[in-house]
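Data first, discussion second: the structure below is written as structure tokens.
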Amino acid sequence: MDRIEAGRQVLRELMGEAFLEARDATRNDFNAAVQDYADDVCFGTVWSRPGIDRKTRSILNIAMLTALGRPNQLRSHIEGAINNGCTKDELREILLHTAVYAGLPAAVDAFRVAEEILRKKEML
Amino acid sequence: MDRIEAGRQVLRELMGEAFLEARDATRNDFNAAVQDYADDVCFGTVWSRPGIDRKTRSILNIAMLTALGRPNQLRSHIEGAINNGCTKDELREILLHTAVYAGLPAAVDAFRVAEEILRKKEML
Amino acid sequence: MDRIEAGRQVLRELMGEAFLEARDATRNDFNAAVQDYADDVCFGTVWSRPGIDRKTRSILNIAMLTALGRPNQLRSHIEGAINNGCTKDELREILLHTAVYAGLPAAVDAFRVAEEILRKKEML
Amino acid sequence: MDRIEAGRQVLRELMGEAFLEARDATRNDFNAAVQDYADDVCFGTVWSRPGIDRKTRSILNIAMLTALGRPNQLRSHIEGAINNGCTKDELREILLHTAVYAGLPAAVDAFRVAEEILRKKEML
Amino acid sequence: MDRIEAGRQVLRELMGEAFLEARDATRNDFNAAVQDYADDVCFGTVWSRPGIDRKTRSILNIAMLTALGRPNQLRSHIEGAINNGCTKDELREILLHTAVYAGLPAAVDAFRVAEEILRKKEML
Amino acid sequence: MDRIEAGRQVLRELMGEAFLEARDATRNDFNAAVQDYADDVCFGTVWSRPGIDRKTRSILNIAMLTALGRPNQLRSHIEGAINNGCTKDELREILLHTAVYAGLPAAVDAFRVAEEILRKKEML
């Protein structure tokens, strides 16, 4: 399987078929390149590597995206973490941990995003 | 045990007695407040919480400090991660993962710091 | 008084009882930990220290939150600064000063947030 | 012509008279200082310098504002870049390039902003 | 007095004649533009404005440069703050405050820079 | 040619054979993955795309790396920009432009890095 296809499969397993279809539905001649880059490089090359599991990759993203202030992708990766087995208690501890290292504002913003996802998944 | 003492104990277990002594040796009337804050809040309050283990806390820090560009603390937490059971292969995968999300420059800077620690620990 | 209670009292004095009640109303088993961390560490430990006054702490936050791009907390701390005696003219000078050091985009975003608060307080 | 007037002229040429009028309509005694700073320093001093052309200045801004996560100004400068001759293909390549250096989340956020502008200009 | 001259005078009062001479000695045809921009825009325009005093401007910079991770300029502005009347105790409180909002790593890096300056000024 | 080879060729053309050899000499079982990622993704996939030329890619990097505070890679890409036809005057204008958008500290740090490269290339 080529890397774009491998990446789409990882994304499908991480976020579900509906997510992948919704993203494909937004595809146009401008953004096709970044969708392909995400599938090829992000999911098809890096996520596909062995050595650390998907739950670990998801929680690394939660920490990074909280520190970097990227709520759109944080939303997706909190959802992906939960799909990969991260519990609500683990999520809370991860976000509280970021308060020390990335600062309280970063953590507070991330808690707000996490609560959206937890409500959507009827876990709160 | 009060929180500062609890924090010192966590730091001792994470980095070793020599690290703690070296840090204490730098204490003066100006920086005592931030050393106490670190022991109290960071190690004695947040690190001491159950729910996620120390290896997980260490790798979250590796990701955040790489994204935030803080090599001094990244150095300590890479060392702490290794002390907490993170293998060289896992470390490589964590840092490569940051290249996608925090950008290649952030990851390249982190690989350089990691190699210092691995050489110091005769793992490279 | 324990640190959480001390912190709640600082927050009450800074932002008003209504703000504290509104925040408490959002409390749940997921976010309780970060609300307690904020009250304990942020307000009950650091804000409670002598040495610099509350207006100074507020304006330091305005500068940092502008540089870091955290509009949600910037909104609160601009309001807190005004409650702590910061005038509209001082606020303007603080934000213009950030344009040099954090860049014009950061300052422009902060001016927009400040105008929301000033209008809410009928100062603009 | 003094620098504020020179800056207003650059902004008029970059974004159009309607943009300048809309911005002037928001002027009040609080934000006048930052509007004047933008016209004086940003457009009337730096943008007015020879040596690199306006299209180049616009694309440098696209890269910086993507990396810094400033969507409001990114919106304006993507529009300014298009006004200065940047094609849709060039814009795509610039944003894809940021994915490597500023990380995929930064680039994905920027692609979303760019699509808004391209739709507004009926180029997508 | 034109703005560059006004700015040089502010810089002279803030950091001393020796600092200004040392900086002038590094001037060449490449960096003259940024030295002039600093004198003109930063010191001659923004710092010269009334409304907030120089000590306040200095401490805002300490907070921002700590959050942004810019140790070179942090060094200068900590020195400038001390020259403008900031005491060692106030400096400590400012930096500890940043630990909450910008994260502990940012504050620890800043404490290290501050200790360099305090030792240089025989205040530690 | 596979993407890693294509990327090595781009890097060779951008920075010279000596740079590539020096980098290869540092290769080990830990960092091979990030060297391959750089060659594959950065140079072999993104830099290899048509649509914007190499000089443009280099100057976008100068702007981003200045804003992000990554001096190690900024050093390389300033050198690459000069190799790709960027003049000293253009480099000055690019860096001065960043002062407005990324803040004066970011620009001052970048001017210092640029002067190192210009001296190394006997252009200053």
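The first chain written gets the first letter, and so on, giving A, B, C, D, E and F; residue counts start at 1 in each chain.
Please note the rule applied: a contact is a pair of C-beta atoms (placed from the backbone, for glycine too) under 8 Å apart; a residue touches a chain by one contact, two chains touch by 3 or more.
On a predicted model such as this, the values are computed, not experimentally measured, just so you know.
A.B. asks: Give me the chains shared as neighbours by subunit E and subunit F.
C.D. replies: A, B, C, D
A.B. asks: State the smallest step count from subunit B to subunit E, taking one step as a move to a touching chain.
C.D. replies: 1
A.B. asks: Tell me, please, which of A-B, B-E or D-F gives a repeat of the E-F interface, judged by over half of the contact pairs matching in residue number.
C.D. replies: So the equivalent interface, with over half the same contact pairs, is B-E.
A.B. asks: Please tell me whether the contact surfaces of subunit D and subunit F are same or different in residue numbering, using the over-half criterion.
C.D. replies: Answer same: the two copies use largely identical residue numbers here.
A.B. asks: Would you mind pulling out the distance in Å between where the CA atoms of subunit A average out and where those of subunit F do?
C.D. replies: So the centre of subunit A lies 29 Å away from the centre of subunit F.
A.B. asks: From the mean C-alpha coordinate of subunit B to that of subunit D, what's the distance rounded to whole Å?
C.D. replies: 40
A.B. asks: Scan subunit D for residues touching two or more other chains and write them down.
C.D. replies: As it turns out, subunit D has residues touching two or more other chains at 37, 41-42, 46, 65, 68-69, 73, 92, 96, 99-106.
A.B. asks: Testing understanding: with touching defined as stated, what is the shape of the graph linking the protein chains, line, ring, star, complete or other?
C.D. replies: complete
A.B. asks: Spell out the part of subunit A that touches subunit E in their complex, as residue ranges.
C.D. replies: Residue positions touching the partner: 100-106.
A.B. asks: Please give the residue numbers of subunit E that touch subunit F in the complex, ascending.
C.D. replies: Those residues of subunit E that touch subunit F are 28-31, 33-34, 37-38, 41-42, 65, 68-70, 72-73.
A.B. asks: Which residues of subunit D touch subunit F in the complex?
C.D. replies: 41-42, 46, 49, 51-52, 56-57, 59-61, 63-68, 73, 89-90, 92-94, 96-102
A.B. asks: Touching subunit D in the complex: which residues of subunit C?
C.D. replies: 69, 88, 91-92, 95-96, 99, 103-109, 111-112, 114-115, 118, 124
A.B. asks: Across the complex, what residues on subunit D touch subunit E?
C.D. replies: Contact set of subunit D toward subunit E: 37, 40-41, 45-46.
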